[in-house]
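Next come two complexes built around chain A: one with chain B, the other with chain C.
== the complex of A and B ==
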């Protein structure tokens, strides 16, 4: 491991290269490719936030979609122009205290993170006494509860109709800016004493406790931080799409992020960043498999969904051959 | 070493993805993009729509002396994918217009992108009013939920002489919630009685047991029950209602028009009445006949509303291109905004200032395990 506190030269060079790369991309690429790059940034944040909970602290949580939903709706409701709110809530008027609110993007994003983090804290306090499969079930249930609540609170979230007309604030800089902050925060957290405590909890709870680590405090902390960044990423996603509805935040969304985490290696920051980008780009790059392919002598008719088959096969291979994720064995700090 | 391998992989992927962008042919064909759910929860609806669009292209594959190519991309019934897919159609495939998508929420995800890129989009069957609202580049060839709800309320009051009604809605589906709301408003107005809706019950997509809601409804003794929802849940719901001894008529929306509705519902759904866009039985226009015959020849089965709407969306765009004499996206948008009295397979289509189709609705009834045409309701 590099000496603590002093960032290695490679990292600085990599950072500068990425920023220059992003700058060039935003100047010269078309909006489709920029969209994919922006989406990658969001998935980096999501992957890292889940990695903190599942990878570093070793808690098997499946509630990520729920925290994203909270963040997305917070940003959606807070940033939407007042006139647009009236149009959206044509079934039942929005609750009066939110009707005349219109915030900037940064405060709204922070609010999204804080609300999601708070929800993480509230749900974490009772639920984190559970371990393994039981925790997975409890958090999964929580995410479903959030979705069902959002479906039924017509005057707060517009129910199943969803929200439309959320200003498109998210661009390549917002998404990657947040991603960099998240990377930095995770690296900072993991290198410090908290990170060591998280790792100790992951390896052996009993041993960690006997060494004087407050299990409960550290678990709730990791869970709340993870939820915070999930909420921020959810907010970014809402502002990227401009429209959200409760059905977006199903369990499949959580699995998509889990996939990134597993592929990148549990407890590996660099690996998660790489796998988030690779997974997002691959899903689009493999689209040619859906189309008809002309081999010159034979015309193959396109089968929709083919790319998902190929993608899943690549996944199975990766998991079989390299169980620790693409970048190799997790480094111990 | 392993890290290098990983980096190599990324570079490869990036190269590959940028490489796919090239290889474009000279621009003699007119490209129309289609984004539909070909996989995922809405795959059945997306597939039917694409069938209709492909059929339309076979019938009319040329405009202004140039060939038309349709490019179908899958949106996986997912909002994020839908946005990506539309962005790809515009930037990579350089389409002049876009058709899609089945599912209002998927269409809404595309709304901001087509607006920013100024490429017009025509929806086939998204019925949520929010889709075209505040968006000058989104149009649709179907009617919207407010109209559909009103039509059913009128039918219930005028034809069935209903004085009271109960509503059972699927709260997770936007169209079910929207339809119910407009049905309730219209029903109250028509009967002049605030208390004419005796019960509003709710269930979620995927529910199997509706006895709690139905027992409630049964105790209130309504004259009719309005229960818009997915065909699967609706058919089960009606079955369980009949088992509980509820014998009042069931009314619903366009989603009921699926063979599965009859298969699951069996005897129980006999007499169920629903509004839809189109009927194979009573061709509304000359174009309907052309479409029905062609569909029967190609696919060997009766056409449904979604295929017909896909067909119409394509035909409207081609008609606009022909009249404008240009394949410029802006010209197509302006042409679409002025569509008036277009004769489509699903009826006479006029697009209003929101870009919504003002057209007639068809009311069908289940009779002898078949969908039987009852009547056509004209717009106001």
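== the complex of A and C ==
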């Protein structure tokens, strides 16, 4: 605040370092590692978008998987080649107006964000009257509704069969490019007057509205921005995997993001970025826990999902001991 | 400036305030007193839109011509019209700095939209600069400039009260409602507060309506006093009249 240019200087330095790092990574690392780095970028965007809603504005929302699904399907349908669409939709032909659409990746990503943001706006308008756990239940319900709807709209989303053969546009540059746009957006939003108003709402709603802050408008705004970026990240994910189906977007996906947000610190941009990368890398690095382990004297049978137990335990410990997240109370930007 | 007519507020079966009427003229300092639980804060809450009364009307006239009915408006709309308040049990934005607290008070007058704040367009940059300057000026006024980067809750009690006033002043109010500004202050501090309230009234061209338990403060500062007991208006008048009024003495001290 007193040193006005400072966050931007730090951002520029970090930007240059990351670009160099990513360039070296894409030159020298194998495709498996590059893929993890790409995925980290997507999780950075997801973590920040959820932190805007839950961390900065203090709304407990669990609807992220739903917004991601909307974004992922938007990108999938818009970018898929026309011939591929015919192969995918063999049960029921796709709705005619979308059959001959084949967009570039950037407009499709923007569309994903806008459709998800619009959904956030429409859901937010009635649901944001609720607070705390009631809001969590309502948004959780919304995400499940989206999943079930997508399972049943055969001619739009191909139902439970999912979409296959989405062009793999997402690379390290797309995912980290979007991540940086998100970081930049968040940093400037929170530094500005609107971001301060979000923080005020989180601190004390009664005082905030007595100071002339329109609670409803600001909450819907924050929620829509959050869902916009969740939609974009969902689109990136779709184009990274190439195959999506409704069951990908279950509540566990939301919890993975929540894990990132809580570990990184509610309302902490830098912490979220670091924890997104660390969690994504750990998800892969801890895969050995899922396999059978030979301790020499005893042979442990592999249990799929064992690595998630580690994360759950870390989450419990963090909530019990260091509620403000692992980085602790730091400057917000 | 403000006219309250036949205000009745009920919480379930409890009548917190019964048929209360009051009038506050421009440039006045008006006091509202009464024993604990008399319904004073309830009246503030109704004026600022926190509660919806059962009956009554509140008319706010910031200039000579334009009348606004406050009932049915949201708290933020009322604040935008120029009625701002402080809270009895201090409600600062706890985790934010002193400067940020005051800065947020400016937000309701912001003209730029959210995209120009994120893109940092010149029009927003200019506005933000003005908002910071104004916030710092207000902090200077209340004597908190030196602690501007401290966390709001780290301040001692008296300073938190002054910060609340600075935050309310940042909204450019025409009518300022102060809910027990001297609570928890020692005699020397209340003396300073009385001077301070007069000073900000002159400088910011305010009309002030205040609730207070310190009789020396209220008798010295107010031109007119309303006395409330069990939700009923039992007396009104200038400080001299109130001090002699038998019903007021009865309400405060009890009678054999």
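Structure notes:
Simple rule for what comes next: the second predicted complex is superposed on the first by the 287 of 333 C-alpha atoms of A that agree within 3 Å, B and C clash if a C-alpha of one lies under 4 Å from a C-alpha of the other, contacts with A are read in each partner's own complex, and residues count from 1 in each chain.
Criterion: a residue touches a chain if its C-beta (ideal position, glycine included) is under 8 Å from a C-beta of that chain, and two chains touch if they have at least 3 such contacts.
All figures in this text were calculated on a predicted structure; none of them were measured in a lab.
When both complexes are overlaid on chain A, the residue A:90 reaches chain B alone and has no touch with chain C. Looking at the shared chain after the overlay, A:282 reaches chain B, while chain C stays out of its contact range. By the touch criterion defined above, A:192 lies against chain C but remains apart from chain B after alignment on the C-alpha atoms of chain A.
When the shared chain is aligned, chain C comes close enough to touch A:214, but chain B does not.
In the superposition on chain A, contact of A:35 is made with chain B only, not with chain C.
Residue contacts after overlaying the shared chain place A:206 against chain C, while chain B stays out of touching range. By the touch criterion defined above, A:102 reaches neither chain B nor chain C. Between chain B and chain C, B touches the greater number of residues of chain A.
Once both structures are placed on chain A, no chain A residue is touched by chain B and, in the other complex, by chain C. Of all residues in chain C, those touching chain A in their complex are 48, 50, 74-76, 79-80, 84-85, 87, 91-97, 99-100, 103-110, 112, 114, 117-120, 124, 127-128, 131-132, 149, 167-168, 170-171. Listed in rising order, the residues of chain B touching chain A in the complex are 2-3, 6, 9-10, 13-14, 16-18, 20, 38-39, 71-74, 76, 78-81, 83-84, 87-88, 90-92, 105, 108-109, 111-113, 116-117, 128-130, 133-134, 171-174, 176-178, 181, 202, 204.
Partner chain B is touched in their complex by these residues of chain A: 30-33, 35-36, 39, 84, 87-88, 90-91, 148, 151-152, 159-162, 164-165, 168, 237, 240-248, 274, 277-278, 281-285, 287-288, 290-291, 302, 304-305, 308, 326-328. Taken in their complex, chain A has these residues touching chain C: 1-2, 185, 188-189, 192-197, 199-200, 203-204, 206-215, 221.
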